[in-house]
Amino acid sequence: MFQTAPEISLGEAVSDSHLAAYRFMLRARLLDDKFAALYRAGKIHGGVFLGRGQEALSASLGLALNKTDVFAPLIRDAAGRLAFGESILDAVRTYMGSSLGPMRGRDGNVHRGRPKDGYLPMISHLGAMISVVNGILIARRFKKITGTVGAACLGDGATSTGAFHEAMNQAAVEKLPLVMVVADNQYAYSTPTASQFACADLADKGIGYGIATHSVDATDLTACLKIVGGAVTQARNGGGPQLIIAKLLRLCGHGEHDDAHYIVPELKNSTLGRDCLKVAEETILRQNWVDAAQLAVWRSNIIQEIEEAVAQVQREPAPDPFTEEWRAIASEHLSETHNA
Amino acid sequence: MFQTAPEISLGEAVSDSHLAAYRFMLRARLLDDKFAALYRAGKIHGGVFLGRGQEALSASLGLALNKTDVFAPLIRDAAGRLAFGESILDAVRTYMGSSLGPMRGRDGNVHRGRPKDGYLPMISHLGAMISVVNGILIARRFKKITGTVGAACLGDGATSTGAFHEAMNQAAVEKLPLVMVVADNQYAYSTPTASQFACADLADKGIGYGIATHSVDATDLTACLKIVGGAVTQARNGGGPQLIIAKLLRLCGHGEHDDAHYIVPELKNSTLGRDCLKVAEETILRQNWVDAAQLAVWRSNIIQEIEEAVAQVQREPAPDPFTEEWRAIASEHLSETHNA
Amino acid sequence: MSNITYLEAIREAQAHALRDDPRVFIYGQDVGAFGGAFKATKNLAKEFPGRVMDSPISEDAMVGMAVGAAIEGMRPIIEMQFADFSTVGFNQIVNQAATLFWRTNVSCPITVRLPFGGTSGGGPFHSQCLEAIYAHYPGLIVLTPATVEDAYSMLLEAVAIDDPVVFCEHKFLYYHLKADKLPSEALPIGKARIAREGRDLTIVTYSAMVHEALAAAVELSADGWEVEIVDLRSIKPLDTDTVMASVARTGKLLCVGEAWPWGGVTAEIIARVSCEGYGLLDAAPQRLNAKDTPVPYHPNLWAAHRPTARSIAAAARNLLNQ
Amino acid sequence: MSNITYLEAIREAQAHALRDDPRVFIYGQDVGAFGGAFKATKNLAKEFPGRVMDSPISEDAMVGMAVGAAIEGMRPIIEMQFADFSTVGFNQIVNQAATLFWRTNVSCPITVRLPFGGTSGGGPFHSQCLEAIYAHYPGLIVLTPATVEDAYSMLLEAVAIDDPVVFCEHKFLYYHLKADKLPSEALPIGKARIAREGRDLTIVTYSAMVHEALAAAVELSADGWEVEIVDLRSIKPLDTDTVMASVARTGKLLCVGEAWPWGGVTAEIIARVSCEGYGLLDAAPQRLNAKDTPVPYHPNLWAAHRPTARSIAAAARNLLNQ
């Protein structure tokens, strides 16, 4: 069922995209690590959610998208967000609640985006973003914009939501260029997949929607680049919606408050439990695309970039409730004026 | 894809169940006809919804169920309701809003049932009854009651609801003896299936839930008895949830207010467009199980029964708003006492 | 066109919007060739090919889709087949559409049409009045036109507004109300209307209940009482000023709503007047709502469940005689 | 057990219910071996094998399942991971559970636990107060315990009640509140509690705001003002009598709620007092609610969004000085 990476010698284009993806994976991992550290230090309110183990999948998706595409990432998509074009500053500002960030302290952590850039800020309700992506794609069809795709991300658990079902069906009926990426990371919070669904494989759901379906071993960056890239291309070329089921293991707690003690050792020790970042690194070194020294330089540069961003944001103003505009609607003339 | 009726000579048991089902189909058809007439005469408020063309499927289901089973019919299941044990009086009382009916004039038309008899009164929101059936089945598991099944009915259109998806998945995860009967009657109100879903066949959805799936030509009573009966038996014997996709054509408007002009002639003229009641009748006569005279007697007896029920209900008291207990909760001591 | 119904006004407003604004499209169950369960989109699919789209029975995805289209610059109109079914598209309305502007500074100009309110035989799931539910959430505009003219002009304005609008169109008024012609000018949204002038008592109400109140006022005028009737038109925002000014004139307030009693429009109006216009009242304000049960099917029960001209007149008399 | 938190009280009530009543079971995301997102079901799966069930992420089916189980004689407790997510199970709560008894005379004893209300960093989708939404619908009981003792006894009573109960447990109180022991007796549901006696002003509130109001009262008592605080405990039904009796004593009314301002508990209380106890008031009633926007993420914004001891004291002072 898994698409395994071709063990043939890889051409230049492959090394390029592998390295590009790797660098976004690394950025995401290091950024996540920083958020985890800030959380432990009590510097972040609410939760922190990491994409550890999901970077290969997410970065491959972000890279496969053009800047004019639509992207609705979920909680574990730091890599995809960066690859799609999010700045580290936007991420840090949102987690720290800076008034200069895209969410201006009104929303936080993984709930960030810039809708006008095709980058959608998730609401928490799982499955709810997919039909929103459909809507953008339908609007583009009205506007006769062709060649763009919309990608939505989800976890294994969220396939149980009615919202997922309705949106998948909607995309299929309207033949939209939706790429639906399901990270089957074996758990939804503490709930194992056996308590979440009863099909042999989530990929079995595709046929019921009449949607082309792809499976991929998400611990393997090479496979992700190929499968995700291929699905995006298919959608872009008029192939209609694409469902990608990616297998991996969540290599962290649900959030940083969770020690994930419930993850069974059998899974940790299986190939699913491999760290995609390590696997990607090993491929790079084995293929001699760059050497270990270069990897270390990348790593330290990214760390510096992140530290600078955090330092900058920590100096930035927090939102001020007195100057805050407490208005939930755009039409100023229609706001309620009474006091309650 | 269709299960076609075996054209071999049929044994006695087959003729028995065929005749029993036929009689419920006929009752349902004649009862529906009466409601349509009352509607045209302005004697029924709100809508009237017929099961014309769906009687073979529905009766087969009602007959396959025991009185201790659970049944959640939908709008086109007059035949199944009668076969499950509903009296004509309950049906007429509900349509006429009699205070003596099971819904006491509080709810009407197809929204009728007796929950304590395992016969669930649908709410209008499509898909919403399935998880309720699941709940009864889970309760029985708690109570160590075995050997009962729960059947829920739905249309092709309602497969697009999130509620359907969540409940199907729930039944699969909990391995409940749910029999999910989808009447794919080619339209949801005016919407043809092509605008409703994009899978080649609704039966393709089963595998995505990990649920055993059956297809049946619902214009053919013999096939319905076999397939529906078989699925119910499988569920009863521990085979887990069963999905039945039944193909037919709605031989009426969505409701009696609707002339169904949008139904395309190709469908009307196809085998799907056959009237299952006629088909069943032809089989009976061809097989010589009873003769035409007997069929006529049955018909006139049923008509008399229906007329008597209507006449009786018309003499019954309408609900009286002054003696009505306007209280939505069971706990009398917790009702609001102020006036607003 | 003459003798235009409330329903036709809604159709005309949509035709007008489709004609004038290429960003407008309509999405809902059976709204296409069929013209909608109530025929509110009759012929529009033919007149505006591709822009009136049938949806699957997926209220959640219908609203989510509209939000996405709005982000991309469109002005979608979503038709719920009945207001009651919006409960399954609820999350997308109150958490997706209603929060978008506040969270991202990107506006969300969608219109969700809710055919709502009681009709004879409608029963518990085809009769509900959900305006208070939507008005409680920040980020939504909630409209309840009571006249043919308002049905037309407010729907046009709803589509033009940059915010998500829950447009509550009353099914009972669909065929009952008629007007000679459609208006070219109208009160803006956010302004209430004095539906009848009077000096003795203010009745604040909206939607179908405006007409019950007007009938009650006619009855009361036979006894010499002159009742002023405020038609709120918009539930959120509420035009507190117009209400207050009327109460200042009459000194007495009766609020009437077809919705359930706990915490709806009538409670909100009374709270506002009591808090902000306490001195204006000569007597305790009163309210009249539906009973606190699901809406019954049988016409006898239904007639007793919701306020009517008769029960309004009785409540008004009670207040007037204080 | 000593130093029992509000959260532990909820766990204990469930343990008690499971122990005493074989009809009780718990269903929700991660409630099993994991013990729930907030640990409100910690160890219960082990203690009561098979009776604490993990559900898929399917709020609609979770509630629907509970209704079915209740019809068959069980007493299910459904845990929503956050109140905010009940919007996707909304239809089953308000249209299936809430209508069952009225339609069929078959009761629907389910308890839906909603961990609700604001906490620092919770943001727009993990902070909502939805009590008014549920209370508007007929057929539901809506509870909002403010103390450890009430969390325990009211949850026990909720499970015993024959009707669907929306049990709003405040996340902010989970760890903040402690009690020495669990109560063996309690006020019945439907009765409000005088949380503090006073003669100068009545503050009517509920849930977490009771504690903000108590803190405000302490502050005001330094100036010689004696504020009476009514903890509603139950939002539906509302104990109008206790509220009215208190207002009769103090003559002044301030209603405080953490929910959004349009039409919530505070509007309903003020409407009731104004309509039925008009003569009791010496001054215009006042209310204080959250702002009419989604709940903000940043602690600074959040602190200004909801009422606090400080803003309550300011509003109270305003009224007291009239």
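To keep things simple, chains are lettered A, B, C and D as they appear, and every chain counts its residues starting from 1.
Criterion: contacts are C-beta pairs under 8 Å (C-beta built on N, C-alpha and C of every residue); 3 or more make two chains touch, one makes a residue touch a chain.
Here the structure is a predicted model, which means the values were calculated and not measured.
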Those chains which touch chain D and also touch chain C: A, B
Steps in the shortest chain-to-chain touch route ending at chain D and beginning at chain B: 1
Most remote chain, CA-based centroid, reference being chain D: B
Between chain C and chain B, distance of the C-alpha-averaged centres to the nearest whole Å: 36
Rounded Å distance between chain A and chain B, as computed from the means of their C-alpha atoms: 44
Length of the line joining the C-alpha centres of chain A and chain C, rounded to whole Å: 41
Of all residues in chain A, the ones touching two or more other chains: 103, 106-107, 111, 123, 125, 160-163, 166, 169, 173, 195-197, 327-328, 336, 340
Junction residues of chain D, two or more chains touched: 56, 58, 60, 84, 87-88, 91, 95, 98-99, 102-103, 124-125, 138-139, 236, 262, 266-267, 271, 275-276, 287, 291-294
Contact graph of the chains (line, ring, star, complete, other): complete
Complex contacts: residues of chain A adjacent to chain C: 102-104, 106-107, 111, 113-116, 120-121, 123, 125, 128-140, 142-143, 162-163, 166-167, 169-170, 173, 327-331, 333-340
Residues of chain B that touch chain A when the two form their complex: 160-166, 169, 172-173, 175, 195-200, 204-211
Contact footprint of chain B on chain C as seen in their complex: 29-30, 32-34, 37, 54, 56-58, 60, 82, 84-85, 87-88, 120-126, 261-262, 266-267, 287-289, 291-294, 296-301, 303-305
Residue numbers on chain C that touch chain D, as the complex places them: 60, 84, 87-88, 90-91, 94-95, 98-99, 102-103, 124-125, 132-133, 135-139, 236, 259-260, 262-268, 270-271, 274-276, 278-279, 281, 283-287, 291-294
Touching residues (chain side chain C, partner chain A) in the complex: 25, 50-51, 55-56, 58-74, 76, 88, 91-92, 95-96, 98-108, 138-141, 161-163, 189-190, 236-238, 240, 271-272, 275-276
